[in-house]
Amino acid sequence: MTPAPHHHEYVIRVGYADTDQMGFVHHSRYLVYFESARTELLRTTGTSYRQWEERGVLLPLTGCSVDFIKAGRYDDVLAIRTRLESCSRLRVSFRYEVVQQESATLLATGATHHVFMTPDGKPTRAPADLLGLLAPFIPPTSSSQ
Amino acid sequence: MTPAPHHHEYVIRVGYADTDQMGFVHHSRYLVYFESARTELLRTTGTSYRQWEERGVLLPLTGCSVDFIKAGRYDDVLAIRTRLESCSRLRVSFRYEVVQQESATLLATGATHHVFMTPDGKPTRAPADLLGLLAPFIPPTSSSQ
Amino acid sequence: MTPAPHHHEYVIRVGYADTDQMGFVHHSRYLVYFESARTELLRTTGTSYRQWEERGVLLPLTGCSVDFIKAGRYDDVLAIRTRLESCSRLRVSFRYEVVQQESATLLATGATHHVFMTPDGKPTRAPADLLGLLAPFIPPTSSSQ
Amino acid sequence: MTPAPHHHEYVIRVGYADTDQMGFVHHSRYLVYFESARTELLRTTGTSYRQWEERGVLLPLTGCSVDFIKAGRYDDVLAIRTRLESCSRLRVSFRYEVVQQESATLLATGATHHVFMTPDGKPTRAPADLLGLLAPFIPPTSSSQ
């Protein structure tokens, strides 16, 4: 029996445009890295966020937070480790860790919180089949953080 | 008789997120400054680009160019001078100059070229009343560049 | 006796590049709005963050959070209300409210947390004169949140 | 004898933050794609732009242009094909093609022009060894565009 893939890893390289004159990755870019990482997590379920939107299920943020531990720098290769923190028919939360690969240093951690929404901006319930695809990423209750 | 306002000036301040680790304004940001500048030019006509879009008239770019003369820096106050270079019912071009205000130094010049488009992505003719509002910004033929 | 100006208001207009295909202001842009807003707060003290950096005092983030209440949209005029939440010689925190001006609707709230740092990346103590300039923005203890 | 690799291909996926409310990739993002693409071209020479900067050789832009042929969209997989258009000890130019992979559609073409610069902002000559690494990408004169 294979264990459930409770987290997903997405690797990116820091671009020049991501830096600021302090020589660091600008803090706002971490939210964009998180976005790409959860997009790739969703893709591994056999669907994609693009398809979710085409079915009329949007996932806007209701909140986010980032803790910055050590600065990222230009050309760093970063692994974004993403996992579902919680998921119901109305809302879903993801947690992220950003690791500088070469040094295995944790640069940042963060979370994003989302609701399911219709294209005209109303809260909605996620279709059961889409939620089912997320099940492998939902952590056992005991390990929820 | 007052001369027609052939150009429009929009002032912005360079933000930290606009810089890169070279200590300069990242070159891609000039296109965003141009965008804000032509939005404000359109607003002075008594309409706004938001209203254009609500009427189903979009203005996507077909081309752009920027010449970088001197680097912009964090916290610089920049004047973006915008004028219509040409305008027909099908397409419109703007030209821009970016001046660092404190030193009156020209940092960059550029151009953007646009077509009128419907919301479903088809080329269209601009409504006559909207084009009429742009007339004061259309340069006399002799001065066209 | 005039009351201390416990908060600062900075007004921006949402640009096209700030939006995403959901038609909303992309969530990462709020961190950039916050950055511009605290830059302007610092400027009202008679110094500027550019001058802080020139003196070798940098203010990188150690954390941030945003709560999204209602979506911002293209061309919205937003008031960013910023105040110092806490301040010591080692660290400083700001809180923000983002209000859509036309409708007086609260779109988002947030916080950023910073340490004082030297240009070579070491924690440092803020010079007393710079901290003194922030005093008018430091809330009375009883109102600290 | 293997032909010289006159161009380099870099593949990226369009992120949500790259889109605007028109549902297209924001035009300014193409410059960021170009930047990542030429960074990866340089890496294939056995050096990297990060190392160039560490040796004091910077490559700021003196100009750029983009022609937009068809809109890119969220989640598109794009191939950025980059080649050196010209190269001397003082300056270098790159040309780019952006192809939507699934449909093999050309979305955009562009160019960036650069000078070699010292960290304190003075024009400089590129070290011969660095230029030598670029040689395989320099097109034969007859094919220069």
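The chains carry the letters A, B, C and D, assigned in the order they are written, with residues numbered from 1 in each.
Criterion: a residue touches a chain if its C-beta (ideal position, glycine included) is under 8 Å from a C-beta of that chain, and two chains touch if they have at least 3 such contacts.
No experiment lies behind these values; they were computed from the predicted model shown.
Student: Please identify which chain has its centre, taken as the mean of its CA atoms, farthest from the centre of chain B.
Tutor: A
Student: To the nearest 5 degrees, please report the angle of the rotation taking chain A's Cα atoms onto chain B.
Tutor: Best-fit rotation on C-alpha atoms: 180 degrees.
Student: So the centre of each chain is just the mean of its C-alpha atoms; given that, what is the distance between chain C and chain D in Å?
Tutor: 36
Student: Averaged over CA atoms, how far is the centre of chain B from the centre of chain D? Could you give it in whole Å?
Tutor: Centre-to-centre distance between chain B and chain D: 25 Å.
Student: Express in whole angstrom the distance between the two chain centres, defined as the mean CA positions of chain A and chain D.
Tutor: Taking the mean C-alpha position of each chain, the two centres sit 29 Å apart.
Student: What parts of chain D, by residue number, touch at least two of the other chains?
Tutor: If we look for residues of chain D contacting two or more partner chains, we find 16-17, 22, 24, 28, 32, 35, 74.
Student: Across the complex, what residues on chain C touch chain A?
Tutor: Residue list for chain C touching chain A: 22, 24, 27-29, 31-32, 35, 58, 60-68, 71, 121.
Student: Write out the stretch or stretches of chain B touching chain C in their complex.
Tutor: Touching chain C from chain B are residues 13, 15-17, 32, 35-36, 39, 48-50, 74-75.
Student: Touching chain B in the complex: which residues of chain A?
Tutor: So the residues of chain A in touch with chain B come to 16-17, 19-24, 26, 28, 74.
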